[in-house]
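As structure tokens, here come the structures.
Both complexes shown next keep chain A, but they swap its partner, so chain B is in the first and chain C is in the second.
Up next is the complex of A and B:
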């Protein structure tokens, strides 16, 4: 088994061998995403060669870390058949509270502990989501719309609304530490920061959980059919708690990285970007009704959305078109995947 | 029918309690004609969107309409931009108003048809479809307006819909009640209503019974879109400008109203009269928090908590616990 094939894809493997191209696309929906990404990159590079400069590529890499971490969480929940929209609020609440705690009570706290606290906070808030979704028995999206407002209300009404400009030293160092650093042709220093590595690490962990553990089986089974999964003996309560807890952990991590790289904790940040993230996951080939999708596809989807958001201006399309283009892409991708399934 | 009456009674009781509480806190100022009129004026735009959400939810099969406020803004913005090309809002007020209202309703209707087509013809899940169109509609409003507010001004009679009164009630509120009654009657007495509810409660049985499933879903989203267009008209009538990002929190509030009204998210059940009561209750609560001098952020928190509370009430059937069936 390769990094690509999971869940439903595998059951369709035999049909895929017979159907040639259509079967191949059915088996690996993320190839469409990859092809689209390549086409867009080539077109943009022809229209504006500046795109291929290391600095703009590194910008895209940096911009995709936070979205990528969010997207992995959204993907895991989507694979289990739910939609989460509260992850940005989880990230905002944990990042701001923990930055506030660290600056006011423990400015010397090692970075590892700061990250651990962010992950822990995210897990708690995520598990709260999971608890409610399991017990209420309504679509996860409706529950998480509620918790999004709840978490954000707690943050803005009770924790604080003031920007924290003076971050503790270890967070600044974490956001600045370079992996690759060089000076480009016009003399500016370009840095690919070390924290970029968090995304591949999280992706490998997610892949491992989904494809190598019993929990991963349970997640895809629940996404296929919750009732069948329950009859197979999976404990849906545990799966819900794990699932949302894991997504919460990724959101908490993304929040702290967002603060460290921006050198500023703004409580109004992040919330409002959830649709972009969901779009990325869906463009990566995960079906919104659950049970399918791959980690690679999700990452490709994130790159696609980040590239679209970054290059429109480079090729002379006004930035006002950005929403419309992403929205249209979602609809096209959705229609494409549905038509493809029917034909098979 | 037991559940229906329970939900209705609880909502009515909540409204009475909130009015009483408001009067007690504010020494009666909460019940002044001025305050009642201002509260009633704020209900329609969000109430219409909530009816749209309710219809989509009733259709079942994961039905939901997330594009409501985006489509309302698009209707207002696009109609204002187009009509301003041909007619001045200062010199020909009557003509401008008529064209603007007509344009917004048509755009809303067409937007709804787009949703319906994508869902029935292409088989896209409603959540995903309306998520995409929400972005596309908002994007379109940004494009046609360049991201800026579009001036509608206060041409008569458009402006009077938002600011004048008939028999002491805001005209917009009367429009809302009339439209809600019409939709309610359609749900109760027309074949459309029966098909909608029955196919929502059991899609498979509806299929075998030969219900025109696609046509019902199409009509549902087209109706929801038209209601968004009407909401866009009322937004324009109450404000001097229309803008693409108006009412960012309306999406949640519309869903909150529907859930509070006892509409089942999995489809097949919902009552218009409960949606109206629930919208009014939410407005009362919102004004009450304002009277209490609390910030908007506390209100966000309260909305989230309220939505979760009502989900819990629906889940554990607390309504029939409080109002047990007397016949048993």
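Up next is the complex of A and C:
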């Protein structure tokens, strides 16, 4: 039914003004995410005008990069009707192994090659997921729970468990290189790092693949109905390998950015944040059952989750209440999308 | 689903670990003291193992070895403890992942005549003696005192804990707050932020706190990675030396931030000494000797321990093993 969802979306665009408000929201669920985001920012700004500083925006932008890269990968898999919970383990395994390799054997390796290795490692691990899901017909949920344990087990048992504090210079430079830098009123330096640009770049690439290539059509077709997609002549094996590989690539990239910006490689990091990422994608309007969603919605979902997580101190919500508030927001938004899906 | 996979894996791994290493230990007649840590292979417990080895070297009349699960999983640790009890070790020195999970097994072990000593678990009911490196209130107050002296005893300060459910962390910051009451010019703002021991999350939160309170002058942190997150936020903002940061941390990871002045001082206890002390207590109990206040366990920081009643029938043995290091002193204790 979502076979020609890209085509449908374009039709909807033309019909947008004739649909009325309810229809518009129905066609573009991400408007709800955007509205929620605006409401939260306005409320926070009223409660604490200190929020209205460029540094808030910069911190939120920077904090959403890793979650955003993960989310784009999850979104692509979700669009195809699958699910992935192993991406954090992929990121942890690649980031730690590559940092260790670079530190011990090639401290002078150019950053471009470090990034390429991370992406390559991520692709391989992701394709392993895709291979298992396609060849054995096991649900993606089960496979990726298994590989999450497997990848993390390999990391902790065979690669290492020790924090790496002394990162190679090029990684530190990559994590620190500023795009915008200025000094706050209280003398604190505020920096927007250059690596933030990776997220919009990845988003544009994802959008292009999903909306402008045959692979994108195949992904949405598979999300609608795998059987129909196969009969239409899409090679499901290729699609599986591609989309899990793509999610793996984004995870590998996210891992290296996490290390470079954090200035330490902690093998115990990242795994455990999957739910946050999946919540962001669902809040962005993608259906957990596949076949729908947009890149812009996903990014809005990521911003929403990041903002909620980063304004609680600002508003003065005590730590005991923070999880309560985050949980409530997720439930409210999720309830809305569930109602929308029932109407469908 | 997840849980059952974990349990099966835990059982398999724990059995192999124990089977592979206990075979020789019970072969002769020397009493066996088995130390079980939370996770094997992480720097903290590798350091503890050096203590177990040092104890073994100094006490050839016992067999002292260390075991631990591969991941931080209380089910895996339980499995290891159960296997060791079944093998018939004479004494267990356990650092419980989750004291509640081990209660039943430790109780049965004691009923079978196994000596049980614990560490980092002053709420463990079924233990004969729980060894603590220091009194938690004393430690929290000491961290705060160091922070206060850096802040010039005035200004806004805040606290971080690993999680609100972490008893020791809450005790530390609680004692810190109590200590700060001595200084009327110190103002506690937005206390008890949860870090979940995640350096990146702590970094984001510290940034936000610095934005909300541009005049924030001090942080007191609790979990091991907190100093790294807050330290990075302070350093990147160019506030090293202007904002004070005192918290629990280990010398090796904290070194760069101590050098840059982003971390004022770190507090910790040496797991090596704790491992030696645990084994020393186990040996005393094996020899049916009584534990008394003022006793010397023969381990640095445990030369005059305080013995009180514990959470259950057992005793609480408290040492004086607190370490507080700054830029100038940490290099002597690198681990």
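In the analysis below, the second predicted complex is superposed on the first by the 311 of 344 C-alpha atoms of A that agree within 3 Å, B and C clash if a C-alpha of one lies under 4 Å from a C-alpha of the other, contacts with A are read in each partner's own complex, and residues count from 1 in each chain.
As a working rule, a residue touches a chain if its C-beta (ideal position, glycine included) is under 8 Å from a C-beta of that chain, and two chains touch if they have at least 3 such contacts.
Note that the structure is predicted; figures quoted are calculated from it, not measured.
Engineer: Looking at the overlay, what does A:50 touch: chain B (first), chain C (second), both, or neither?
Structural biologist: In the superposition, A:50 contacts chain C only.
Engineer: Which of the two partners, first being chain B and second being chain C, lies in contact with A:328: first, second, both, or neither?
Structural biologist: A:328 contacts chain B only, not chain C.
Engineer: Let me test your reading of the model: by the given contact rule, A:338 touches which partner, first (chain B), second (chain C), both or neither?
Structural biologist: So A:338 only meets chain B here.
Engineer: If we overlay the two complexes on their shared chain A, which of chain B and chain C does A:92 touch? Say first, second, both or neither.
Structural biologist: A:92 sits against neither chain B nor chain C.
Engineer: For A:63 in the superposed arrangement: first (chain B), second (chain C), both or neither?
Structural biologist: It touches chain C, and chain B stays clear.
Engineer: For A:304, decide between first (touching chain B), second (touching chain C), both and neither.
Structural biologist: So A:304 meets neither chain B nor chain C here.
Engineer: Considering only the touch criterion stated at the top, classify A:156 as touching first (chain B), second (chain C), both, or neither.
Structural biologist: A:156: touches chain B and chain C.
Engineer: Thinking of the overlay built on chain A, is A:189 touched by chain B (first), by chain C (second), by both, or by neither?
Structural biologist: Only chain C; A:189 stays clear of chain B.
Engineer: In the overlay, answer first, second, both or neither for which of chain B and chain C A:271 touches.
Structural biologist: neither
Engineer: Could you give the residue numbers on chain A that contact chain B in one complex and chain C in the other?
Structural biologist: 145-146, 149, 152-153, 156-157, 161, 320, 322
Engineer: Help me check something: in the complex, which residues belonging to chain A touch chain B?
Structural biologist: Within the complex, chain A contacts chain B at residues 83, 132, 135-139, 141-143, 145-154, 156-158, 161, 272, 275, 278-279, 282, 288-289, 320-328, 330-331, 334-335, 338-339, 342.
Engineer: In the complex, go through chain A and note every residue touching chain C.
Structural biologist: Interface residues on chain A, with respect to chain C: 48, 50, 53, 55-56, 59, 63, 145-146, 149, 152-153, 156-157, 161-163, 165-166, 183-191, 258, 261-264, 266, 269, 309-311, 313-314, 316, 318-320, 322.
Engineer: Quick check: in the complex, which residue numbers of chain C touch chain A?
Structural biologist: Within the complex, chain C touches chain A at residues 1-2, 5, 9, 39, 41-43, 70-71, 164, 190, 192-194, 198-200, 203-205, 207-212, 214-215, 225, 228, 232, 236-239, 242, 252-253, 255-256.
Engineer: Which residues of chain B touch chain A in their complex?
Structural biologist: Residues of chain B touching chain A: 62, 64, 118, 122-125, 127-129, 131-140, 142-143, 146-147, 248, 251-252, 255-256, 259, 265-266, 295, 297-305, 307-308, 311-312, 314-315.
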